[in-house]
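The following pair of complexes shares a single chain, chain A, combined with chain B in the former and chain C in the latter.
And now, the complex of A and B:
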């Protein structure tokens, strides 16, 4: 029980430190000379240290299964494997918020230690904004979601962790994603500080670029992990469902991607300064907005931990305070930024980056509207709707076509500018070849709508052009080439996957079989066995193809005892060309099973290409400039 | 001047969003799953299996008659086992409506030629949307609709002797 007290106190100490640091900076800013030596390192370190102590105390409580702690009681159980006892810490609202704080204070420390090259003013103002954020979240943690509340009398057993969260990928998904989310705060604070001090310039861009890329890598990785998890654990047979929470993680990603490109322009050409600031503010705001929408329970989803209006109200106030503060600062200082309104020519890399930025903003607003519209409609018209894939597909796909084409041409502008006719001709020829190629492919399956042809052609175009760039020797910018190639591969795999996926859904009982294309799916038998914390029903399916080669599929249904939940584990056979996916669900009296069999081409390439995108980013991150 | 209007407008929008989110928080958001039984059959548009023309569900389902909506497919093995029951039901005072689920039209026709066509009307459901709308889990599945156009019975999996008798009882 002692850890409960240690935890509570250390969190409160770091809250006090937050106030102290804030005041100290404020006083020092008044009589600041460039050479004054600021003594904040210890304070910032201790703030981090005390949150770490709090985190470790909670960890010990989880490991020892001390159910006197409310968080442990609600989310753990003695029969759970050790790995999930630990990951149970962030599988709930309170614990994950503590993890959030740990990351927030640690990146704050990292920022302070790595920003020596910047002016003292800039660092201090950045730290002021960081402390506002840390303070806000610590208050939230302590007063509305304290992980160290006690339960009395001490229960003998805990309630257990939601079984769908008991998964190795999901254990690391939150920390990775949080690092991404939380690091956006540094970009936000630093950009506010630089706009106040009027040094939105190339050198600032060079400094913050590392943070942007680093954040972007973690955000991409976090989304990838979540998507892989959804693919095999939820058993819906896809990797992206336009679920509100997925959208919420995608929105900061899009805005960060736009920022990533803008900051390069700011760094190299000293342009797009105020646009970069707006994007920095947007990215962070969207991250908190995500926290609000997910944690308040205003949206229903797998990520909703608890429906507590009080928490929701607090984050809502905090979110609006942050937006309001940053807007005021922006409008107040924006005029002081003096950017000569340089106009770049139409055929320059900069203009192409800007055009693609606007496309990204369009995608962002579609997703934002699709996500919050149901909330607005429910409040205003008292109607319940859910916005699903058709909405997003309809609004996004037509604009994806020009987006992809601009993205293919952008890095190759030297070719268009060049006087040589043949180079232009090659670009054009590529386009024609791709149009024909996609027509032929779509003709195979009889889906020759104009949009599909154009979309497929555009993605092939990007794919071949970035592949050509990849093969070219002596890259000036390997990270861009790899990331763009990865992205083209991703889009191509997603499109081909959507076009060529096949599925069958049927109800079968043991001994029955069903014909699917050239395959015969035979439901042989079920086996029931017992694991440490769940009962397992394994279905044995044989799938025979036309050459009479049979393969076994063993999908599972798990009945967890604590809490009592039934989950389906899909059985997936992965190959380079396609995934074969079989999942079963029990129906009422358990004699019949709902069987869903899918063939999903190129699934693995969706994961590989995202990893390529991350590798591209990492190369840039690790590269030592100058 | 324009800048001021912009700021005021932004501010109003800002307050509006806040109020909406605040109200949204107060609303309970536990969605109860829709009850598929005892619910009147929803209206939908689909294609006729043979003529491929548009058919409105309201033209098919009329008050005063019992209907049995059966979701089937030629690739579905259990559909074969329930077929004799459907054929027997054909001769009772119930209208059989078939929904051909995600099927190849030629295979489906061959299926009917081999086993006989018990349905008075067949609709094609190529992409499975109508079945989803009806609240089906998969194939085969059967819905019994009473004289008031309300779904009174739902059979998941093939019709067997028991459910056959139950249907006959319900339409007495």
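And now, the complex of A and C:
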């Protein structure tokens, strides 16, 4: 029980330290530092330290299964394996917010320690904005979602963690995604500070670039983990569903990707400064927006743990405050950004980056509208609607075509002015060849709509050109080339996967069989066994192909006892060319089962290519720049 | 005469405004086309006319109402006041059980008969369509 008190007090101490840090920075900025001999570094360290103490206290409570604590009571159970007892800490609203705070204070410390090269004023102003964010979230943590609330009388047993969250990938998905979300705050604070001090320039871009790339790596990794989990755990047989919570993680990613490219232009060519600032503010706002929408319980989905209007309202107010503050700062100090209106030609790297930035902004707005519109309509007109995948596909796919083509050409152009564009005839010819190739491929399966042909051609085009770049320029600029190649592979795999996936869904009893193309799917039997915290039903399926070679598929159904939930574990056979996916669900009295069998080509390449994108980013992150 | 720069800027502005208008139009149009309304069995009973639009129906799967005929699953969605018959063939989420909340997407044949094209899985074990929560407590 003592840990409840340690936790509560250490969180309150870090809130008090927040006020001390404000005072200290204020004195420093006014050159009154002689009045206080406290070291700022120590204050920042202790703020991090006390949040860490709070975090460890909660961790100990979880490990010891002390159900006197409300968070532990609601989310843990004595029969749960130790690993999930620990991950249960952030599998809920209060605990995940504490994790959020831990990351926020630790990156604050990391920023302070690694920004020695910057002017002291820039660092101090950045820290002020960081402190505003930390203060706001600490108040939120203490007053609306205190993880250290007590339960009387102390229950003997906890309520357990939602079983679909009991999964190794999902245990690390939130921390990785959170590091990404939270690190956007440094980009936000630093860009506000540099606009106030009027030093939005090439040197600032070089400094903040590391933060942007680091954040981007974690955000990409977090989304990848979530996607892999959804693929094998939810049994819907896909990796992206345009579910609101997925969209929410994609939105900051898109604006961060745009920012990543703009900051390169700012660094190399001292242009697009204003636009970079706007993107920094947008990225951070979207990250908080994500927390707001997921945590407020407005969105009904697997991620919704809380349904408390007070929390939603608080984050909404905080969000408005942040947006309002940054807009005021932007408009007051915008004139300080005296960029000599450098014009650049149409056929340059800059212009192509800018064009694709606009495309990214378009994708972002489509996703934003599709995600937020239903919420507004419900509040305003009390009508419940949903916006499904057709909306997103229809509005995004056609615009992906020019986007991919610009992306293929852009990196091969020079800065300022391109002279080497005499090769354009070859590039154009190459595009025609790709069009014909795509037409032939699609003709094979009889899906010759114009958009699919163009889209496939554009993605082949990007794929071949970035592959050529990989071979030719791989040693010169490995990070860009690898990331772009990874992205082209990702788009190509997604498109081919969508076009060539085949599936059958049917209802079977034990002993029945069904024909699928040249394969025979036979449902042999079920085995029931019992594990520590669930009962397991394993189905035995034999799939025979036309050469009479049979393979076993063993999908599972798990019936968890605490809380009582049924989950399906898909059985997936992965190969380089395709994944074969079988999942079963009980429909009635464990006699009839709903069976879904899918053949999904190039599935593994979707994961590999995303990892390539991350590797590309990491190379740049680890590179030492003079 | 206007300089080359002014002309270029005007051209840029015009393209920007045109493409923005086009995009707003496109987004609103697709939104109108792809929006799916959510209704309860009672709301369906009070409809003036049965439209051909895709809708979602939410409620509880009535106890011992699930029947299976080959690929088809037949069941009843109830909100404890009114009910509606549903036929469905396709993937069933593992939260689909008798006496549990369900959201089905599809088309109305008439006021008593709903042909579902999708059963949604995106909710947790405590999920209930919002209106039902109140009714169950009463």
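Everything that follows uses one rule, which is that the second predicted complex is superposed on the first by the 607 of 626 C-alpha atoms of A that agree within 3 Å, B and C clash if a C-alpha of one lies under 4 Å from a C-alpha of the other, contacts with A are read in each partner's own complex, and residues count from 1 in each chain.
Definition applied: a contact is a pair of C-beta atoms (placed from the backbone, for glycine too) under 8 Å apart; a residue touches a chain by one contact, two chains touch by 3 or more.
All of these numbers come straight from a predicted model, not from anything done at the bench.
**Student:** Do chain B and chain C fit side by side on chain A after the overlay, or clash?
**Tutor:** Superposition result for chain B and chain C: clash.
**Student:** Can A:587 be said to touch chain B (first), chain C (second), both, or neither?
**Tutor:** In the superposition, A:587 touches chain B and chain C alike.
**Student:** In the overlay, answer first, second, both or neither for which of chain B and chain C A:375 touches.
**Tutor:** Only chain B; A:375 stays clear of chain C.
**Student:** Which of the two partners, first being chain B and second being chain C, lies in contact with A:331: first, second, both, or neither?
**Tutor:** The first partner, chain B, only.
**Student:** Touch check for A:384: first (chain B), second (chain C), both, or neither?
**Tutor:** In the superposition, A:384 touches chain B and chain C alike.
**Student:** For A:320, using the defined touch cut-off, is the partner it touches chain B, chain C, both, or neither? Pick first, second, both or neither.
**Tutor:** A:320: touches chain B, not chain C.
**Student:** Once chain A of both complexes is superposed, is A:234 in touch with chain B (first), chain C (second), both, or neither?
**Tutor:** In the superposition, A:234 touches chain C alone.
**Student:** Touching A:507, do we find chain B (first), chain C (second), both, or neither?
**Tutor:** both
**Student:** Now for A:537: first (chain B), second (chain C), both, or neither, which partner does it touch?
**Tutor:** Neither partner.
**Student:** Run through 38-46, 92-100 or 110-118 for chain B and report the one that clashes with chain C in the overlay.
**Tutor:** 38-46
**Student:** Hey, what residues of chain A end up touching chain B and chain C alike?
**Tutor:** 300, 384, 505-507, 587-588, 592, 594, 596
**Student:** Where on chain B is chain A touching in the complex?
**Tutor:** Against chain A, the touching part of chain B is residues 7, 10, 14, 18, 20-27, 29-31, 73, 75-78, 102, 128, 137-141, 156-157.
**Student:** Could you list, by residue number, the parts of chain C that touch chain A in their complex?
**Tutor:** Spelled out, the residues of chain C in touch with chain A are 5, 23, 26-27, 30-31, 33-38, 56, 66, 68, 70-71, 73, 89-98, 121-125, 127, 130.
**Student:** Give the list of chain A residues in touch with chain B in this complex.
**Tutor:** Contact set of chain A toward chain B: 292, 296-300, 307, 309, 312-313, 316, 320, 323-324, 327, 331, 375-376, 378-380, 384, 504-509, 512-516, 587-588, 591-592, 594-596.
**Student:** Note which residues of chain A are touching chain C in the complex, please.
**Tutor:** Checking each residue of chain A against chain C gives 162, 234-237, 241, 243, 300-302, 304, 343, 362, 365-366, 369-370, 373, 383-388, 390-391, 394-395, 505-507, 557, 563-568, 585-588, 592, 594, 596.
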